[in-house]
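Mind having a look at this structure? Questions to follow.
Order of writing sets the chain letters: A, B, C and D. Residues in each chain are counted from 1.
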Amino acid sequence: MSKTAVLLIDCPDRKGIVAAIANFLVREYDANILNADQHQDVELGLFFMRVEFATQNPACDEAQFRHVFTPLAEQFRMNWRLTFATPTRNVAIFVSHYLHCLADLLDRRQVGELNCNLSLIISNHENARALANFHGISFHHIPITTANKAQAEHRQRELFAAHQINLIVLARYMQVLSPDFVRAYPQQIINVHHSFLPAFTGAKPYHAAFARGVKLIGATSHYVTEALDEGPIIEQDVTRISQNDQLPDLVQKGRDLERLVLSRAVRWHLNDRILSYANKTVIFA
Amino acid sequence: MSKTAVLLIDCPDRKGIVAAIANFLVREYDANILNADQHQDVELGLFFMRVEFATQNPACDEAQFRHVFTPLAEQFRMNWRLTFATPTRNVAIFVSHYLHCLADLLDRRQVGELNCNLSLIISNHENARALANFHGISFHHIPITTANKAQAEHRQRELFAAHQINLIVLARYMQVLSPDFVRAYPQQIINVHHSFLPAFTGAKPYHAAFARGVKLIGATSHYVTEALDEGPIIEQDVTRISQNDQLPDLVQKGRDLERLVLSRAVRWHLNDRILSYANKTVIFA
Amino acid sequence: MSKTAVLLIDCPDRKGIVAAIANFLVREYDANILNADQHQDVELGLFFMRVEFATQNPACDEAQFRHVFTPLAEQFRMNWRLTFATPTRNVAIFVSHYLHCLADLLDRRQVGELNCNLSLIISNHENARALANFHGISFHHIPITTANKAQAEHRQRELFAAHQINLIVLARYMQVLSPDFVRAYPQQIINVHHSFLPAFTGAKPYHAAFARGVKLIGATSHYVTEALDEGPIIEQDVTRISQNDQLPDLVQKGRDLERLVLSRAVRWHLNDRILSYANKTVIFA
Amino acid sequence: MSKTAVLLIDCPDRKGIVAAIANFLVREYDANILNADQHQDVELGLFFMRVEFATQNPACDEAQFRHVFTPLAEQFRMNWRLTFATPTRNVAIFVSHYLHCLADLLDRRQVGELNCNLSLIISNHENARALANFHGISFHHIPITTANKAQAEHRQRELFAAHQINLIVLARYMQVLSPDFVRAYPQQIINVHHSFLPAFTGAKPYHAAFARGVKLIGATSHYVTEALDEGPIIEQDVTRISQNDQLPDLVQKGRDLERLVLSRAVRWHLNDRILSYANKTVIFA
């Protein structure tokens, strides 16, 4: 039986990497390379590669691959990650008042765009419960106050553990996560910010955009790091506005951007198409 | 003989403005309204209007219009400006090392997109001279040093006076204008900044965009005010970049954006399609 | 109490229309013009106007307006339509296998983007029933065969009558409506076609786009007329594809375009922002 | 001394191609793979690859490469092409009345965007002569009538031979080339058509777009084949239009699209980034 796996690599750029990897996969696993994509960051002298391959070799699993691949990885000083197509990842979605990104993700899951289990919806409000129930997803109402924040995060992390969550999506979740929380899930938390970052960080970006008189508004999806709105950008998009557009129109047009950039980020993450380095991302799309 | 004029108005929003203006034009000038466009800024309670009209009434000139329109303008507390289609405006272009925006504007003038006299090209370098000569435009090399800056600006302003310049275009001019200079030409200086403002103000925006890892780069044309890169935005555009794009690719893709946003701003200004208020612009395009 | 109404006009272009209408509204209703927008089709010599106004005059209703406005309308040979903000319209959605446009419209209704009652969902399949039930919308499964088509359409029209439907949205409905049916609802049926019309009319447009090797794919929303895929275009959008995109990727990217162009068309229609003439549309957006 | 070369390959998709090529380049030339990009057309079962490599092996030239690579190429049934970075290609530009694309290409050559010699400008009109002279490019006025067409093409082909032309760019050239002419330069003639193909083929596409009431207009660059407007599409772009845009506005907005799609196609061709197959193109951009 054939297995499919994705190998993501970054390392200092030097001669022979592509051939070395291709040879390794053919020699060890008689692999069929389904897709190979590579890039350089010339400024930083870095090399990035994504290889999707199929093999019929039953020996090939994560442990065995680590064993045989490590010498090559060390030789080229690679960071690397191997993911098999199965099993699918377990995803938790955080949401507050605005449900449009949540509804969009649920619909895309339905349509088959998102290769994952949507296991868990957590909100500091009650209003997403009906939607969660309709889709048969476990819903947890965890209110947040300054007093109970640590406790609330503890409860959230228990739920993650119970559901073996490996991706957390902040779908317009209006609470700031603690540094501890963020550090516990590196490159596993995706947020959507409703501006074209780095413009208009912080609260009320549509108000700020309106006040500045920009001619395009944007939205940004990014991995969450301890520095608010400063994590590696995954995707951005913009749309034109005019003087006909008042503040509520910006908010409405912005919702479409938020849906698009967040859903693309989630899909790419789930398909192992994102490599993050130096606070930037490489997207193998 | 028929004359065409453009009336631009902004005032506090209240009932009856559209009817009052339409009536005035019909009553005084038996005018044919060729185009009327209006907008509100709901936040600020402001009203904006652009009316393009034709009249055969020979009495209608700037002085006479001012005389008969003033009572109405005062009643509604209007800021207003009337421009007749003739004569065409005289434009000065400032340029430094990079000539792509200059070449683009010259070509658009040739094609008939820009309704103006390109009267003057001023540069702190020599390399635009051949292009200026080819197009038969007066070229002046005015080097800038910290020592001679005041003197250089004095010389520039003499040239403006001699050529009756009423629009100054900074086509990638790499010198900062003095506050005095800027104040002398309010809403008559258009600059292009090679980023999606307000992101990446200041020097080397493509470097900054590359370092931040944004997924789109932009360019912005704006009126110059004393606060660097903070004047009213006239036009913006963006283009997608990917990890395949290294710094020189950003610069190359950015040139196309710079050409587009600067030329649109110049064209709209020349056609009296821009109204500026509260450090923003309304574009009647 | 103040009422808000939208007046849509098209007529041959000539002098004095704007003033005549503004005067009429002020004189008859002491109206506050909230928004006025006008356009010309220079080729055809036509004039278009949308006026949104508020009045406190209790006399102003549809019948009385018709009575007092008719002389002016006849003088300028106007086609015109007046709509009061209330009551909201009743909408029927037709759907087949693919539910993404339906789910999108339902979510937008929830968020408050669509000013209407979603009264009715009709499908030739069963799979939309759960979604309809969740949103509390009347669902009717009406299978279509060549044999029962006339009968099925009869049943559909009975439902429209019962629900006082004034807009029909074909949200990826895969059946062709009969000419009789189409004629019965002029400019009241909106369809989404999954190509950039007029390219790739007919069945399987993504396959055709893939085969032709285009670099952008599109989607189009339009009013349905008897000529398939040839009604007045309301909105179009496109997205870039690359050689990385295989047929299923086109379908997936296309879904986002379909959601966007269909929902915009429905919103504009519901807000009386569309004027249709000469098989084209003017959008007052 | 190091040489850089680009290898473009298409062949039936099967296991082992990437490894085979990487191995070959390392074994024969101790090559440094600077860039490798590959794609599949899943529908047609085809594989495409572009490899840019550097080698210090002095033996590596076109003849020697052909000799040692042929067995591998035959094994995988490859179509392939090898190009060394030097010497640069010689380009001829054809132009008629409209000069904006020509002016744009000349400016881009100046700026350094186009890696080629612009050797020759041919026109059926005189009006490009001044521009050609300014840029020091050989200009030939070759009028075309139905009577002299064969003769004119003969003259053109003599000029190509004399200047060793290997790319012909039709920069809004308004004459149809004969089948013989087209066959003589397969995938060496690039045209720009002022519509979003396959919509609006043939003459006056802006008129047709205006009449149909589309909401976006486009432009397309493509390789010229015997079937008019049906060659492999290289690049397309679109821009939004509104009811404010009359026919001359479409023409003006279209010029920007024409400049962009034609210049991108020329640049990609010159950098060996285009692979053409099955009347489509793969762009390694």
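We take it that a contact is a pair of C-beta atoms (placed from the backbone, for glycine too) under 8 Å apart; a residue touches a chain by one contact, two chains touch by 3 or more.
This structure is a prediction, so every number in the text was calculated from the model and none was measured.
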Pair joined by the larger number of C-beta contacts - B-D, C-D: C-D
Remotest chain, chain D as reference, centres from CA atoms: C
Whole-Å separation of chain centres (CA-atom averages), chain B against chain D: 36
Chain C-chain D separation of Cα centroids, rounded to whole Å: 42
Shared interface positions of chain B, touching two or more other chains: 40, 244
Residues of chain A touching chain D in the complex: 15-19, 22-23, 25-26, 32-38, 40, 240
Interface residues, chain C side, partner chain D - complex: 39-43, 48, 196-200, 210, 212-216, 218, 232-238, 242-244, 246-247, 278-283
Chain D to chain B touching residues, read off their complex: 99-100, 103-104, 107, 110-111, 113, 130, 134, 244, 252, 255-256, 260, 285
